[in-house]
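Encoded as structure tokens, here's the structure I'll be asking about.
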Amino acid sequence: MSSEPLLSVRDLSVDFQADAGVVHAVRRVCFDVFEGQTLAVVGESGSGKSVTAQAIMGLLSKKARVTSGSCLFRDPKTGITTDLVKLDPNGPQMRAIRGGRIAMIFQEPMTSLSPVHTIGDQVSEALVVHTGCSRREAEEKAMLLFQRVEFRNPERMLRTYPFELSGGMRQRAMIAMAMICHPALLIADEPTTALDVTTQAQILSLIRDVQAQKRMAVMFITHDLGVVANMADDVVVMYRGEVMELGGRETIFEDPHHAYLKALIRAVPHFNMKPGERLKPVREIAVSIPGSWKCETPAPAAAPAPVLKIDNVSKSFTLRSGMWSGRVEKIQALNNVSLSLDRGATVGLVGESGSGKTTLSRMIMRAPGSKPDEGRIWFDDGTGPRDVFELKDEELKAYRRSVQFVFQDPFSSLNPRMTVYDILSEPLLIHDIGTREERHERVKSLLELVGLEPAYMRRYPHSFSGGQRQRIGLARALALEPSVILCDEPTSALDVSVQAQILNLLKDLQKALGVSYLFVSHNLAVIEYMARDIAVMCRGHIVEQAPREVLFRSPKHPYTKALLHAIPDVDLDHPLDFTALKASASSHPERWPAPFTIAPGEPPPLMVEVEPRHFVRISAVNAGVPTGVAA
Amino acid sequence: MSETSTPHYVNPAPFDPHVAKPMTKAEERFYSASSFKLIWWKFKQNRMALAAGIFLALTYLSLPFVEVIAPYSLGQRNSDYLYSPPQEVHFFHDGKFIGPFVYPLNFSNRDIDDPLFPGLYETDRTKPQPLRFFCQGERYKLWGLFYSDFHLFCPPEGGPAFLLGTDKLGRDMLSRIIYGARISLTVGLLGIAVSFSIGLTLGGLAGYVGGILDSAIMRLIEVLRSLPELPLWLALSAAMPPNWSPVIVFLGITVILGLLDWPGLAIAVRSKLKSLRNEDFVHAAELMGASRRRIIGRHLLPNFMSHLIASATLSIPAMILGETALSYLGLGLRPPVTSWGVLLNSAQNLGSISLYPWLLIPMIPVMLVVLAFNFFGDGLRDAADPYH
Amino acid sequence: VESTLLGPLVAAGKLPPQADRLPKQPLVADMLVRKRTIGQYGGDMRTLVAKPKDLRYLTVMGYTRLVGYDETLNLKPDILVDVVNEGDRSFTFVLREGHRWSDGAPFTTDDFRFYWEEVALDAELTPAGPPAFMVVDGEPPKVEILDATHVRYSWSHPNPRFLPSLAGPRPEWIYTPVHYMKQFHKKYGDMAKLTGMAKSLEMNSWAALYNQLDDPYGASNPDMPTLDPWWIRTKAPSQQFIFERNPYFHRVDPQGQQLPYIDRIVANVAATGLFAAKANAGEVDLLYRGLNTGDIPMLKGGEAWHKYHTLAWQIARGSAFALYPNLTCNDPVWRALNRDVRFRRALSLSIDRHVLNNTLYFRRGIEGNNTMMPESALHSEEDRKAWATFDPKLASQLLDEAGLDKREGSGTRLLPDGRLAELIVEVSSEASDIIDALEITSEFWADVGIKMVIKAEDSGALNKRAYAGQTVMVASQGLDNAYATAVMPPTELAPLKQEKMAWPKWGQYAETAGKAGEKVDMPEAQQLLDLYSQWMNATTLDERTNAWRDLLRIHADQQFVIGTVQGALQPIVVTKTIQNIPKKAIFSWEPTANLGAYRVDEFYYEQKTAQADTAP
Amino acid sequence: MIRYVLRRVLTMAVTLIFISLLIFIVIKLPPGDYITNQIDELRAQGETASIAKAEQMRVQYGLDKPVLYQYGAWIGILPGHDGYSGLLQGNCGRSFEYGQPVCTVVGSAIGLTIVVNLLVIIFIHLVSIPIAIYSATHKNSVGAHTVTFLGYIGLATPSFLLALALLYYLNRWFGISIGGLYDPKYANEAWSLNKLGSLLSHLVVPVVVIGLASTAGMIRRLRANLLDELSKQYTVTAKAKGLPPGKALLKYPFRIAMNPFVADIGNLLPSIVSGSAIVSIVLSLPTIGPYLVQALKSQDQYLAGFILLFVAFLTVTGMFIADLALAVLDPRIRLGGGK
């Protein structure tokens, strides 16, 4: 290990010239990143992690100014040290470093990719620019990488457009884009938030492999302390733009000093929580639900019928393979999925990235282009079930009001031309609720609920951090006090403390108002904390479904098992076994052991109840042998 | 591998998770302002745009009072001063400041041998003639209601003041330009209003709703686009009732121009909306139950605002000058109605380029207005741009 | 001496020498009498046309007629060597012996016979029968071919229109190159071939084909031989049309040199809007079309850079700007007013012609009625002044008397039926100078309580509206021929033509022999008709002169057409090196055929190289 | 995709037929026909002699038949004066004015029109794209304001005036002859280097005059769209990859900003023919525009109809191409509205 750091950030401060005054996003931050090592950056949402990364890359927005400090980068190839802050951000020197020597994985993969260029083009481009190799070679390399980031059909991926991909897939494309040039320093801004734990483990191991081979340094921004425990050599803890605590992994986890860090570690959800135990955020928000909040009394929680019933839905997408060829490729995004959501209950949905979770939620929302090929979705507001896709006019409007959706990608779901106030008051306007003043009040209280300052009301979405945007999206969903909320990864961009705050809020709302949640998340601890029933999805199938305790206690399906294995633990004594993970073929239905095997061409697999309310999907060929399922 | 020598650093500052920094007065004001105010504040910071806005506001406000502002009336001729060049306004005579004045023009003898060559005007530098301000001049009827003879400024006693020269009939160009503003600045806006409202609505529907509606609108556009405008105009000019006043005729034509003009805009709107309608934030609005109108108006079009503002500011000169092209086809405004287009139209000959360049002066107000609209539009665009 | 163009051909034996090409008795131009100089051969004369159709104006300029006017308006034989006129009833034409068409074929009385028998009398080619000027009271002429050089046309009644028509700017061709046209006639040609040809040109009959090819006026057929000084060598469509000298032209200068002097006329196609600019840039050698009085200063200005003169000729027009109250308009109230002589006189008296003259015509016009020019033998100062002074008081009084004695608040008079006296004056939108004049006139009329509404429109639309009786008043130019002599038919002064905006319906009636339009039902107008037939039947020049004078007097008194200022100027741009063009002259369509009567074939370039680009 | 194209081609055909009917009706809208116009003109010039001949033509060419019948004969679904010979039979009809088949009349003009207008289009794009990019990336700089101002001069000057002034000064300073496509002295000469040079020098004015009118528009709109795209996150991504600024700009934001302009191809094609009509008339360019206006004014119906139908054909094709191009450029737009 060389004693000289690869990147040395000293006294870095960044200000934003916002409309209402100066925002000090980063204040006198210092840290070092060493060759072949990983520096994890953790901290509160909005604490300046991404801004620091942008400052290093010279990609700050025009409104931002580096007011002090330096970022000394020593290129291991040439040994030359440059101060990145002093370089012309568009000059050739900076360009050579950017992408080639320092690469970055952006926090929001959706908006970071150009919508009109293929993934292959965008990924291989960096290689062409920096190494001058041919297009063909670059695509070849890209394909290899695609394989390593777990794309099933790497060749196809060259020709797909971002909008055809699931959130996780886009994120993996970003990772491939950053890694393709073998940079000396990789800045990864929450690179695995949209990934299920098994895929996440693969990515982490990929990073570690490269790190080991090429002595790549990694600056890893994340909220997942489990990931930190598994990956980091050093850890920086940030809070409101300042470094709170900095040290080696062991020091940080075993000997935390700062009050914030201690509180942070305390806020991590874990698997052995007692029923009814609450998470402990750094700041608890007293969720006072004012009486005026509710316009209607909640439907009686005791109503037996489920609010939502999904009945054997299937959905496939047609992918175009080139402009002119008549050949079409079909992707089966959902396959005979059935699910029901009781009033006032939470169903957790976990599963592989790209397994159809978002597609399912969008279908429930009756989003454009999401009509199921088969099957129906029933909604019951207490007056009897109704087919969602047959709702019209007033009924539809009422449905839109009672069922809300939290988008997986917060940024793209916020209109860039609307201020936070406009965004949050829009649902109220649409449904004609309240006077101007009342709406103003409501927006203010919504912001407080999700832990944002009301002062943010007049800012535009682009001027927020990832986690802040996510909370805006959540606040918007809450604005209409819906009876059902479909949360597609609502806390993936939040640090554990704010996450705890939000989860507690959702629980409180459920208790007070009888809201039902369909909760999609990759974070199994969060699912465990929130959900009563959990469904596990893989490749468009629900492979296992059971009450929370049952699932975690006795998973039956090999995929579920793999998933549970891949959870990174905060405990330093339980590191992930990357080699074992790599060997497992958890997400290949054809390779699942006997009763679970789903081979193409076979009759559709069946759902079998192995114990009360515990369902597992097994191949129709073995339908008769549910007992063969080992615990 | 994890044996690092990284020193353990702990921030020594006291930590209280609950302190929120208090808002300053200015911030307070900012956060409680309406979006409109925000845009206005941002707009105000752009000096160029502000100046343009003020200029436009003043121009439009002055339109009802052109009779007061113009020193001469619209048709007033002075047959002793045909094609008189502009008279300069001076302030100092013999080195003495005596306020704004002009030197009288004298028609120097036309060349007797060649009476056809235009006469030359000589400035008599001995007799300064001060301009009069807030004075009594020619009588006029304001707004068709009452008579007055009050003018902002008048020519001096005993001589003319043609600050921008005269035309072939000896009419004061300055006054004609001032009068011309009335029609040029108002009628065109109407056409833009018509074309924009149709273009945005139909283009928006085609782009957002798609399907059959889209093809129907596109076919309509195809037909309209292929419909020859030229013969339509020719047919129209024959069909216009003769006793319609030329202003009404022109008004009608502008409306028709607007009616024919929308497809271009509609196509641009449609193509942009087609790609925007799949954005998540549009879906988000849909899933909240927003109406089509709201989605198009609040979510889609604002994201296309820059293009729209640019198009609108570009249509202004097109409308002001549209008549010059139309008059080739026997349409458009004709004397005695006066607009900038008419003035320029009558200047469209070599004579005004080679001998009487001041007849081209109406281009300057056109330019000014066009640039003002342009800067104003830019300012608006920037003020509405969250990234700016 | 052979011309530059033909010399080589003669030398090569492709063309007989000049002496053999001329008729036995060529027309010797009296150039010396007219103080012209003997010229030299050579040069291209560049001019402009707006479209191929306008090539006919070059035919006009060539002015080669059976009989034609000279500069002083004497009617003289030109192609003919002599005409024997017996009381306007019988005309014997004597051809020049040895006269040849431009392709060398002899020009004989057979060419007259062919036209008369096979064209004029052929129902397919000329369905309407022989042209109107050859028909007197429905009677066609008796045509006798006396020998190869003598042909006689005779009627039982006098036909005083016959010779003037033949001398018109747009001549009546009563002869045709039989040797060329014969092949297209069904009687002589191969019918199958003819229909095939017609079809390939998308025409459906031999007659259409024949009529299309027989176009001596439009100069659209380079194959058709001509007698003119130049003949067209280019076929449309083209951007440049070239006329070359006719090797067999019949005129010679006093030294015996065959005319014309100038070898070629090069007519470039350009937009009318650019004519003035191109003239200003010295890109033409001779141009008058498309140039207006108002362009003169600008053209003069260009003389400083390019070597040309701007001549300004008096236009032989009754009035540069005249108003035509429609005596046959549909609106009964306006019709009654228009027919009220007090109304017409009042309108005339309220116009301050001096202002118009000062403002629009460089103060050089002659103020007064729409009547003959002072240069004309028929001119009378009284006719010019009658009811044409500026007397708004009298005008007001007359209007009151005419029943317009009530006024609305703003001072505009009310019509007898209570409508506002809003007089719509229609004008062709191309006539910008007339629109200017109208604008000024509207002020004068406003002073006496008549509100003028100017309606400028496409001239085609304007004509249509006028013929349908929809116009109340039209503004246009005055008499086309204000430089008339008594031998010229006074057609313009009597209600005979529907295109005269004072009486379109009466004109229609006369033109269609009563099938359309309205019969003249106003005594004063009937008087005009009577005077016209008096002229037609007159046997002496005196009688004709009297008829003319009476017609002019009645016009002045009745103000059928309200004239204002006479003597607009026609700018003519001509390269400095062109000689023999008069500095001052009278310009008209009829009788001078624009420049035709001034014999363009006698113009020449001072030096042979002079026609090269004149840019400094 | 192929089915989509086929379907579009079919609808195109239907639209064209509909348009052709519309065109014919519009042409026939003004009262009277070519012959009446001709007669009016003859009469106005006192050429009464030719009137009867003209009348004869009316019957010959079926102008006395009802409008719909004339339409049918023109298209070729009804027998005309020489049987079924209409557009469908490949017969464009005859121009009354020129006395020649329409194709002969406009044939040479179409070629020139395309040359002139292609040059105009190239001029517009060559001038406006760099300026737009410059003024978007150097927002509010003096340079950007200056080019904006220059662009607006073209916009705020009536094209005829601009043309005249340019002609006048080009003639005065460089001796370039006024109007036309080349110096008249080359009119009947074969193509040579000199003639080509003359052609090029004469094309300056029309190209600049026609082009300037649209350049400002293109600059402003492109700039506006670019400014929007420049603030998008994917532009940052491109920068983060280390792309040179020029490439990053052209490949990403510029390409998306061009979308509305690609959609406008439908407009570009027909403007090749009709857009410059008035300027062409003014400058006496032998392009198709003047023919069209002249034909319309004199109601030379088959000539006008053919040109208009040609324009319509270009419009429809242009819109089709635009649709395809847009789908290629922007995969978010799926063809066939397939939902």
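Note that the chains are named A, B, C and D in the order they appear, and that numbering of residues resets to 1 at the start of each chain.
In the analysis below, a contact is a pair of C-beta atoms (placed from the backbone, for glycine too) under 8 Å apart; a residue touches a chain by one contact, two chains touch by 3 or more.
These are the chains along with the protein names UniProt gives them: A = ABC transporter ATP-binding protein; B = Peptide ABC transporter permease; D = ABC transporter permease.
As the structure is a computational prediction, the values presented were derived from the model and not from experiment.
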Pair joined by the larger number of C-beta contacts - B-D, B-C: B-D
Innermost chain, where centres are averages of C-alpha coordinates: D
Mean-CA-position distance for chain D (ABC transporter permease) and chain B (Å): 27
Euclidean distance of C-alpha centroids - chain B vs chain C, Å: 48
Centre-to-centre distance between chain D (ABC transporter permease) and chain C (centres being mean Cα positions), rounded to whole Å: 39
Centre-of-Cα separation between chain D (ABC transporter permease) and chain A, whole angstrom: 53
Chain A, residues touching no fewer than two other chains: 115, 163, 368, 462
Where chain D (ABC transporter permease) touches two or more other chains, by residue: 30-31, 160, 164, 168, 231, 281-282, 297, 330, 332, 339
Junction residues of chain C - those touching two or more other chains: 277, 280, 458, 461
Residues of chain D (ABC transporter permease) defined as touching chain A within the complex: 1-2, 231-234, 236-245, 247, 251-252, 255-256, 327-332, 334, 338-339
Residue ranges of chain A touching chain B (in the complex, touch as defined): 1, 3, 19-21, 30, 32, 34, 37, 61, 110, 115, 163, 233-234, 239, 242-251, 255, 257-260, 263, 282-283, 362, 365-368, 396-397, 400-401, 404-405, 407, 409, 412-419, 421-422, 426-427, 430-431, 440, 453-455, 457-458, 460-463, 476, 480
Chain A residues within the chain D (ABC transporter permease) interface of the complex: 57, 59, 90, 92, 95-100, 103-104, 106, 108, 111-117, 122, 125-126, 129-130, 161, 163, 177, 318, 320, 323-326, 368-369, 411, 462
Touching residues on chain C, where the partner in the complex is chain B: 276-277, 280, 294-298, 300-302, 310, 312, 355, 358-360, 362-364, 422, 424, 426, 429, 432, 435-436, 439-440, 442-443, 453-458, 461, 465, 470, 569
Chain B residues within the chain D (ABC transporter permease) interface of the complex: 48, 210-211, 214-215, 218-219, 221-223, 225-232, 234-235, 238, 264, 267-268, 270-272, 274-275, 278, 303, 306-307, 309-311, 313-314, 317-318, 321, 324-325, 328-329, 341, 344-345, 347-350, 353-354, 360, 363, 366-367, 370-371, 374, 381, 385, 387
